[in-house]
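Following are the structures in question.
Each of the two complexes below includes chain A, the first together with chain B, the second together with chain C.
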Partner chain A sequence: MSLVNFTTREITCKIVYYGPGRSGKTTNLHYIYGRVPDSRRGRMVSLATQTDRTLFFDFLPIDLGQISGFSTRFQLYTVPGQVYYNATRRLVLQGADGVVFVGDSQARQLDENLESLQNLQSNLLEHGVDIRTIPLVLQYNKQDLPRELILSPADLDDALNFRGVPSFSADALHGRGVFETLKGISELVLKKLAAGTAA
Partner chain B sequence: MTSALNPKYSFDTFVVGAANRLAVTAGRTVAENPGSAYNPLFIYSGSGLGKTHLLMAVGHAAKKAAPALNIEYLTLDEYVEAFHAAIAAGQGDAFRRRFQNVDVLLVDDVQFLTNRKEMQSELLRLTEALQVGGHQIVLTSDRPPPEIADLDERLISRLSGGLVVDIGAPDYETRVAILRRKADERGAKFEPGVLETVAGAESGNVRELMGALNRLVAFQAVNDRSINAETAKQLLGIGTEAAPGDGGKTVGREATPAGRTGGGDEFGEFLADVTVTVGKAVEAWRARVGEAVLRWEGEGYRTRRLEALLERDTPAAVDEVITAFTQDVERLKELEAEVAELDPQAAGQSVFRDPERLGEAEEVAATVRNGAAPPPGPSGAFPLAAYAVGPSNEVAVGAARAVLKQPGKKYNPLVLVGKSGLGKTHLLNAIGLELARGKRAVVACLSTQAFVDELIAAIDGDRVDWWRARYRRATALLLDDIHLIAGKERTQEELFNLFNLLQDKERQLVFTAPAQPHTLPGLEERIASRLAGGLVAEIKEPDRDVKRAVLERMLGQDNASPDPALVDYLADRPAESVRGLVGELQRVIGAAAAQDGPLTAGLAREVLEGQSPRDSRRSAGFRTSGIVVSSLGGIKSREKMVWDWSDIADRVIEEFR
Partner chain C sequence: MTTRAVEPWIFEPLVKFVKEAGARLVLLMTPAGQVLAQHGFSRALDVMSAAALGAAIMASTDEIARQLRQPPFAGLNHQGERHGIFLAAVPTGRGRLVALVVYDLDASSLGLVQLFFDELAADLQAASPKDSVPKRVLAADFERELSDSLNTLFGR
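The block that comes next holds the complex of A and B.
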């Protein structure tokens, strides 16, 4: 998909929230949904199981209005975190302009985080995208949990962020770090334009 | 010779304010009643305040009021140039008459009269003549007459005798009015406040104001959207908000939705953030292209390729295009510089300003490179080997050899002095031929008369630059008969400059003159002293050795074995010049051919001393007066000379009786 359409003067950013199951991807979107004025947001599509696990994906379109003469739209997607929904994940990743990797800060979830990160890499590769070139930020969610249960952002950086991408600590449930993350990924995505290449 | 009036510069397009009202009123009055109101009208102001505009407006208005009027507009420089050309062509009187018949004469930039005494007196004469004839003269300058340095008192009083008005810097309101009118002319629309912002910036000069407006117009066109006052400020670097190095890149900030914070601060902040990022990211390439367009346009290059980029949907490979464009421009610059060296006129071609026509530019450069007409070279008829050397000219020949050994270093300039017919031209050309053997040598070797004629032709064809460049390329300049430059001011001026330039570059200069440089009449002191500054080598009347050599060479050409007695006879005869000697020989040869007889000393004596063989045989002791009127060579002063006065005493006594 074309990120920037200079003919119709539109910018459309597809941002995918990726990560292991129960890391808080949908929570991120919900928080954003709650902060966007009615006129600016589309209907949030969420296909969830009765136990609130994302079955297929969440989709939140946000209309940022005219920016520099471009009507700017963000499309936020989440992927189902559970391992056996990989086909869906791959589908959702298609045409993504940027990826937010939502990691679970709990120490016992570290392996899941790593596994999901590897899964992201291989799924991107399936689409012919190198994880090193796509705009990517990390979010260490659930930093509100008791200290003894979680790893510090620094530890998580050591464990997960071997590419040195921007990372944000967050408490998606209460909204801390949600918009910072979104801003972070938006900036990376939009900066790609500066290079003069439409993704 | 005179420039056409620019139709854009009329009173209608002249914005009148407090600072220029007097000047405009005076101008209008003069245009309505040429020659009767203020004569001369002298307008002065700083640069870029509308002198030329007003001057041309007077011309337009006068023409409109009375279409039959003869109106001339020209700058002082053009006037001077025309005057010099006319004088050089011997048309000085025609030139004066032509200007005295102009009804309204508009002269721009009179301040350049400084240090031009002859032009000052010429202008004084012209002003007087025009005034007497009731013709109008309007002059402009960047300062009032008394402040023009070295201006003749009479001219000051003459120029100040009419009306002297100044144009001040426009006030704020006038500046806004000017900007509005110019923006209208260009069909550019600006948001309210933008032009006021531009006018608010301190600028004492309308031209700068136009520059600022142009930037805004260009920027607006590039970005395809209107700019507000704030952006204008940033763009023009007015005020404190313009971050250095950031000007022009941060467009679109005003799109930040100030009232969109209803959905919570976080989203508002996010939006603001994204807006900035988008502004930078999306428009960054446009800004880069826009900058490039402004830059190269500012330098006078056509930027179609870059402009086309702006019309595209996607900014693919912007930087590559800009880089390629810049390379093309650099190449154009190189070519232009190269061509300018060879032919400044050709370098002015538009093709050197259009990167799209780089190919053509290369071709033009190649043509110029190949076809660059070299200056006239030495004549092949005068080889050094054929130059007869003897005590009378050994100094000059020695100097010539030294020059050939170290051109431009030892004797520069070398001036060969001697009377007519002593072989100066031969030696000059011989030096030229030898110098021309050098690698990459460009030897200009010509007569001074040809040099003057070429300059006049160049002035006539408006190719003076080309002419100059042609000689500046020369590795040696040899001018024959330099005294012919006498009285030719422009040529002396050009030669002076050329001389200095070539001497600085250690290029050889050789001249010939009939007498010592200082004694030559009509030669400017600066030229004469420069000529004398090198080596002045004199060639004297030919001695026996020289004469023998010349005779042997000449006779050797058609006669295998010249008669030694003939050579001795001719060499012993007094000769003021080699040319005279050759003339005598030619006559003897002619006589021999006419009689179909051999070339002998006897024949020579008979031809040159007027004794026909028959006469001498019949009456050996017959005395003649010795006055010989040659039937072969016509009447020549030499031949009227009395050679044989041996019997003078007898005759005197005889007559006395």
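The block that comes next holds the complex of A and C.
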């Protein structure tokens, strides 16, 4: 849940990057970390295995600056994508204000995407959150791979985007679509905050 | 050393605890890792990393307790060469909070921290208001400012 400090006029929101293993969640955060100036980001914390697979989460706090007179900060988390780590995945979702679902565009990964999306729904429900109401955007990553290996954004929308939420094509390794995705989820989260707290 | 609290009712109990327990750093946060008060940190973004890790440890041990079908563990302590950390939950009128306390072994001890932590928990329980009134946060046209901020952030 967003934290709003009216005394110091600060807003802090939690955004979770979710998706199947190796879909590019950590890569999104690495790209953001590399592009944002030192003064506007904290340390990137990665709890990973020895082979650099996410074990618990990656965490990156970023400072968006002043929005409507509030100093606004986002906490970006990733979850471990591997099926084995569902318990920790569920813990990271606690208190999330918004979710970026990072899908793998490879055709052979479609079942993994669907399974992960169902897993997101079930883990949100454990926290009493309905996937149909939480701010959500989809990112179709690895769109730089050869055409014959991947599904088009339209095909992926048909298969995954049951809510008709904003979706973004991406090549997170080189940064394409990373910024647009972050912008998309930021807007949805702050819109919900503005609507939910209006006097 | 600075002490900051998002909500004013936390400030006095926290200042008292820091003084009596001889704590070096203290964070009070929601179970999701949102910081409500802190003592001793100098950079807000570093506070967030510590809070994320503290909340994760707490969430993991709560989950282990749940799988063992027992109530959540009372507290956790890790002792290093020079510092110790103590992590525990505090029930308040605003819900359950998590406290992360870092202490120097030459200035304090686990016993001292635990002793005054119980007082902190009681003080917070007594001081916490039960209701909060929602206030308007963002202006209707915040999207333009958000867009400008993100463009600046990404150097666009």
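Some notes on this structure:
The rule is short, and it goes like this: the second predicted complex is superposed on the first by the 189 of 199 C-alpha atoms of A that agree within 3 Å, B and C clash if a C-alpha of one lies under 4 Å from a C-alpha of the other, contacts with A are read in each partner's own complex, and residues count from 1 in each chain.
In the analysis below, a residue touches a chain if its C-beta (ideal position, glycine included) is under 8 Å from a C-beta of that chain, and two chains touch if they have at least 3 such contacts.
Please read all numbers here as calculations on a predicted model, not as lab measurements.
Chain B and chain C, once both complexes are superposed via chain A, clash.
The partner that reaches more residues of chain A, of the two candidates chain B and chain C, is C. In the superposition on chain A, A:L125 makes contact with neither chain B nor chain C. After overlaying the two complexes on the shared chain, residue contacts for A:V83 are found with neither chain B nor chain C. By the touch criterion defined above, A:A154 reaches neither chain B nor chain C.
Of the two partner chains, chain C is the only one that A:V45 touches; chain B does not reach it.
By the document's definition of touching, both partners, chain B and chain C, reach A:I11. By the touch criterion defined above, A:Q66 lies against chain B and chain C together after alignment on the C-alpha atoms of chain A. Of the two partner chains placed around the shared chain by superposition, chain C is the only one that A:Q75 touches, whereas chain B remains out of contact. By the touch criterion stated above, A:L190 is placed in contact with chain B and with chain C alike. Overlaid on A, the two complexes show chain B and chain C touching the same residues of chain A, namely 4-7, 11, 35-37, 40, 64-68, 70, 72, 179, 182-183, 186-187, 190-191, 193-194, 196-198. Against chain A, in their complex, chain B makes its touches with residues 224-225, 251-252, 255, 257, 260, 262-264, 266-267, 269-271, 273-275, 277-285, 312-319. Those residues of chain A that touch chain C in the shared complex are 1, 3-8, 10-12, 14, 35-37, 40-43, 45, 47, 56-57, 59, 61-68, 70, 72-73, 75, 77, 87-88, 91-92, 94-96, 179, 182-183, 186-187, 190-191, 193-194, 196-199.
Against chain B, the residues of chain A that register as touching in their complex are 4-7, 11, 32, 35-38, 40, 64-70, 72, 175, 178-179, 182-183, 186-187, 190-194, 196-198. Listed in rising order, the residues of chain C touching chain A in the complex are 4, 6-8, 30-36, 43-46, 48-49, 52-53, 56, 59-60, 63, 134-140, 142-143, 145-147, 149-150, 152-156.
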